[in-house]
Amino acid sequence: MDYNSILRKIKVELSAQKYQGEVASYIPELLSVSPDKFGMHLCCLHSGTYGFGDHEEQFSIQSISKVFGLTFAMSLMGDRLFQRVDVEPSGDAFNSLTLLEYENGIPRNPFINSGALLVSDVLTSYLENPKEDFLKFIHEITGDDTIQINKAVFESEKTHGDRNMALLHLMKSFGNIKNDVDRVLELYIYQCSITMSCQQLAKAFAVFANKGVTLDGKKILSPVHTKRVNAIMQTCGFYDEAGEFSFRVGLPGKSGVGGGIVAVHPGQYAVSVWSPPLNPKGNSELGMYALERLTSLTESSIF
Amino acid sequence: MDYNSILRKIKVELSAQKYQGEVASYIPELLSVSPDKFGMHLCCLHSGTYGFGDHEEQFSIQSISKVFGLTFAMSLMGDRLFQRVDVEPSGDAFNSLTLLEYENGIPRNPFINSGALLVSDVLTSYLENPKEDFLKFIHEITGDDTIQINKAVFESEKTHGDRNMALLHLMKSFGNIKNDVDRVLELYIYQCSITMSCQQLAKAFAVFANKGVTLDGKKILSPVHTKRVNAIMQTCGFYDEAGEFSFRVGLPGKSGVGGGIVAVHPGQYAVSVWSPPLNPKGNSELGMYALERLTSLTESSIF
Amino acid sequence: MDYNSILRKIKVELSAQKYQGEVASYIPELLSVSPDKFGMHLCCLHSGTYGFGDHEEQFSIQSISKVFGLTFAMSLMGDRLFQRVDVEPSGDAFNSLTLLEYENGIPRNPFINSGALLVSDVLTSYLENPKEDFLKFIHEITGDDTIQINKAVFESEKTHGDRNMALLHLMKSFGNIKNDVDRVLELYIYQCSITMSCQQLAKAFAVFANKGVTLDGKKILSPVHTKRVNAIMQTCGFYDEAGEFSFRVGLPGKSGVGGGIVAVHPGQYAVSVWSPPLNPKGNSELGMYALERLTSLTESSIF
Amino acid sequence: MDYNSILRKIKVELSAQKYQGEVASYIPELLSVSPDKFGMHLCCLHSGTYGFGDHEEQFSIQSISKVFGLTFAMSLMGDRLFQRVDVEPSGDAFNSLTLLEYENGIPRNPFINSGALLVSDVLTSYLENPKEDFLKFIHEITGDDTIQINKAVFESEKTHGDRNMALLHLMKSFGNIKNDVDRVLELYIYQCSITMSCQQLAKAFAVFANKGVTLDGKKILSPVHTKRVNAIMQTCGFYDEAGEFSFRVGLPGKSGVGGGIVAVHPGQYAVSVWSPPLNPKGNSELGMYALERLTSLTESSIF
């Protein structure tokens, strides 16, 4: 497959695409990012890496960190995690309390906010220094110990925590949060505040294409658990647009409000894109387009 | 891959498995089926077919017919179909009116009842003799013109149509049903009443593994539309257990209340199982188990 | 109490009031009514009757008929009716299927559409000629056998029955509708199509102020059942504005989409108003205002 | 009216009644109360007071305090309060977050938990020493400055605050809570922890029967605001049993999980009952019975 020319083609097409979406605006650090940023990076297991545009520039990974949180928690407690969080698509907006209330404090899946907060609670229970240990895990899965959080994002996010606090207290009222809610929220926000480039994200997600092993040969997760992370990304990775993404792109993946999307083709590659303007459902508009073109041009959907 | 020995192994394991579920009981024709029936049939694109147990005995395919309905409708009107039905998982019980009401009569996806009824409305608009034409389509996709409906099932289902009539009238109140509701319901029930064996189902679904072309070389659907059917099966094929099925089995698939499940490994095979006892979410209990074992033993999940 | 001068004062105030609402438009017969119509009629138990404006002109009583339906059904089967319909406010839009689905086909109260349809089912079971018998009941409660339905409204409403058919089929799927749904819907629409004037309505509702006895001394309902009808009007008479009406007017009452409202002061009077423009919640805008002024000026709220 | 003999009759009937409900058990202070306690006290505006049983024994008033909170807040800011809390029945369980989420953080009414928490937020904004000032208000409305909170209840309730914290954070995320959530919750719990006897409650609620003036002649609330409090009690005072209470008892009222109920007959009397066993909807089972008997025997429903 001539990935070089395929990515070139996508780059040309993108330059002709107009976006209509808007950059996330709830904190100044996201709002101030230029809407014209675009990066794409493809990391193949067996045939090299390819990238263009702003693919080496770091941005706020936001909800993409939920995949790392889930992976870390599964590496610590395995399938027992799923006694406390389900794996079904939510069919509802990403931060809804409604389902959580009807379902007795068991989040629908680990990628809606309640589920990711629950994962943070698990990590808080298992880890001695949750924030530092989480960052070490990121260093391990990327093989890059320069990755850090953006402190300004971290501080800003703290001032927008009321809805997540509501979710935490609601789950706690059902006995499904074990730690102090302030500590859990702090870890959650810390995770969201990590900054990475498309290149770093694609390399990290190559682990999910590679049965749980990093490209440097370090084992992060068992093959069966890796398969499960991919399955959850497939059905739950895009808020209430998971079906649309499966339909158009046909790969497991995860998006973040910072405009990043990462997708995985098991056995083949991981690919990441970054473009800040979001569509009405909160996913990167041009990012979705670029990934759809990639799987069309390479005929590489898992379906 | 030695599929013969793998299926033998599954057969042995199954004989040791107890089921706890119950056979569907809302019509006598389903209730009277022996809970001990079990059949499994694997239809590989390139390496033969394999089956055991009651894999040649016909049973009521019920909701599996929704995949055929969707496929037929997509072959008639392409992506325009998705202006009238969405492709998102429902996150709710299979016959819920709630979401339909909140979402202005646009069904969440073509595999919940409202969505399948909408597909029947589309077929009623496009076809001269909807029931006969649908049966012809089944004959074409299976290459087998002996397949028929079970008339007793057809008559019994007619007496249980109130919830579906509620869905039809609700969609009609939003202008999203174009034909007489009685005619639409009749076609819908007709589709559900078709009887097929595991062998026939696996052969039919091989089309979805084979980019839309039957094993006899007949083109049913374009490759891109075939990919979409698979994506919808992945995210929406199992009512509110779609995530669980992705998680455990890792293949696109569709179940029916008669105890059948069919799953597809694009590029590789289609596989069907039949075991009438259903788990609490309405999917064949032993069928789920057998498919999970198949993808584990063959390491052939798409994830 | 000098009701003459109080009603004169209200009339003057009303002439200075602008309305912002719009006349119901889903059938031409309602849309064609002049928005400037206004009538008000007060029928005291012990001190005469008072009216002004278009209070003798007949209009479509629409949902006000639900009170007559409930009263007739209670006179036939007493409190056993409440095994099939609850008496709680719905907290939701007037035609929502959601609650009905969650609550197993038991309508929240007799004044939401599902509840009124259930009452029509009861009447269909009990009456030999449901439509004729219902009209006779209206003649009896008003002491006026000239009252008829508007046939044009009756025919138009029939073409807008899909949502009500959805409700009927849903309740039937739970076993809570006993008759043919088409017959039940026909009776329901028949009831809604009755035309009455403010004067006729106030006289009819005087029964609820008078412990169930007409001003002519005819016993319609027992005192305890009359009290119950009033209680249900108080908590459920105004769709999702029942609280607002209690809060501002402070009387049990019932509104209709034709712009009519009737209210009852037990032991004192019944009062009706008619003004077609509706507020966003579907209740007559000037009607609400006039009633609020009446209870303020007479200090006659039940609270 | 011979209230003495009527209350004697009710007392006799009650001694023959079995209760099936259970005493509230979420905190030890409520669980330890004898289920056999029963008190009833009637405070007429013009014809004396009557009581029997444990009517002078203090108990935890719990949610009955929401009426005092609402009254105090209305006395401070009038109808502007209703820009931040609605007056519609909720049609849902008393602590549901669902409606609050759909309705953008505006509670349905001041008597569901979210609404009462919002009222506590208002009081926190207006009062210098919210807890002390609230207690003073209670002393004023009862004319009894011995009333205190139960400190053990206060401390126990604090350990059950997660669901209320979830409500507070959710409202805060919509900008509808202005103060520190911990302070608001503390005031809310303080209010709930007040202990009063039936006698004290009936005297306090006589204010609502008496156009806002205490029996000692002190003006607490304007007549129009008093009418509004009564209207809200009528439609929203009994969680999702408001309709049932209107239907059976026919008076505005408010219940508490401690087994107390107070009801008001405007212009006539206030009456309170106390019996700890609760029906499935959380209202005192025998208390409901006693009040139904009272309005039947005295024929004094407002309907």
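Worth a mention:
Labels for the chains are A, B, C and D, by order of writing; each one numbers its residues from 1.
The rule is short, and it goes like this: a contact is a pair of C-beta atoms (placed from the backbone, for glycine too) under 8 Å apart; a residue touches a chain by one contact, two chains touch by 3 or more.
What you see is a predicted model; the values in this text were computed from it and never measured.
The fewest steps needed to get from chain B to chain D, moving only between touching chains, is 2. Fewest steps needed to get from chain B to chain C, stepping only to touching chains, is 1. Looking at which positions face the partner, chain A and chain B present mostly the same ones, since more than half of the interface numbers are shared. Rounded to a whole number, the gap between the C-alpha centres of chain A and chain B is 32 angstrom.
With centres set at the average Cα position, the gap from chain A to chain C is 55 Å.
One simple way to say how far apart two chains are is to compare their mean CA positions; for chain A and chain D this gives 48 Å.
Chain contacts: chain C has no residue touching two or more partner chains.
Taken together, the chain D residues at the contact with chain A in this complex read 96-98, 101-102, 162-163, 165-170, 172-173.
Contacts from chain C toward chain D in the complex involve residues 86-92, 99, 108-109, 223-224, 226-228, 230-232, 234-236, 240-244, 246-247, 250, 252, 266, 296, 299, 301-303.
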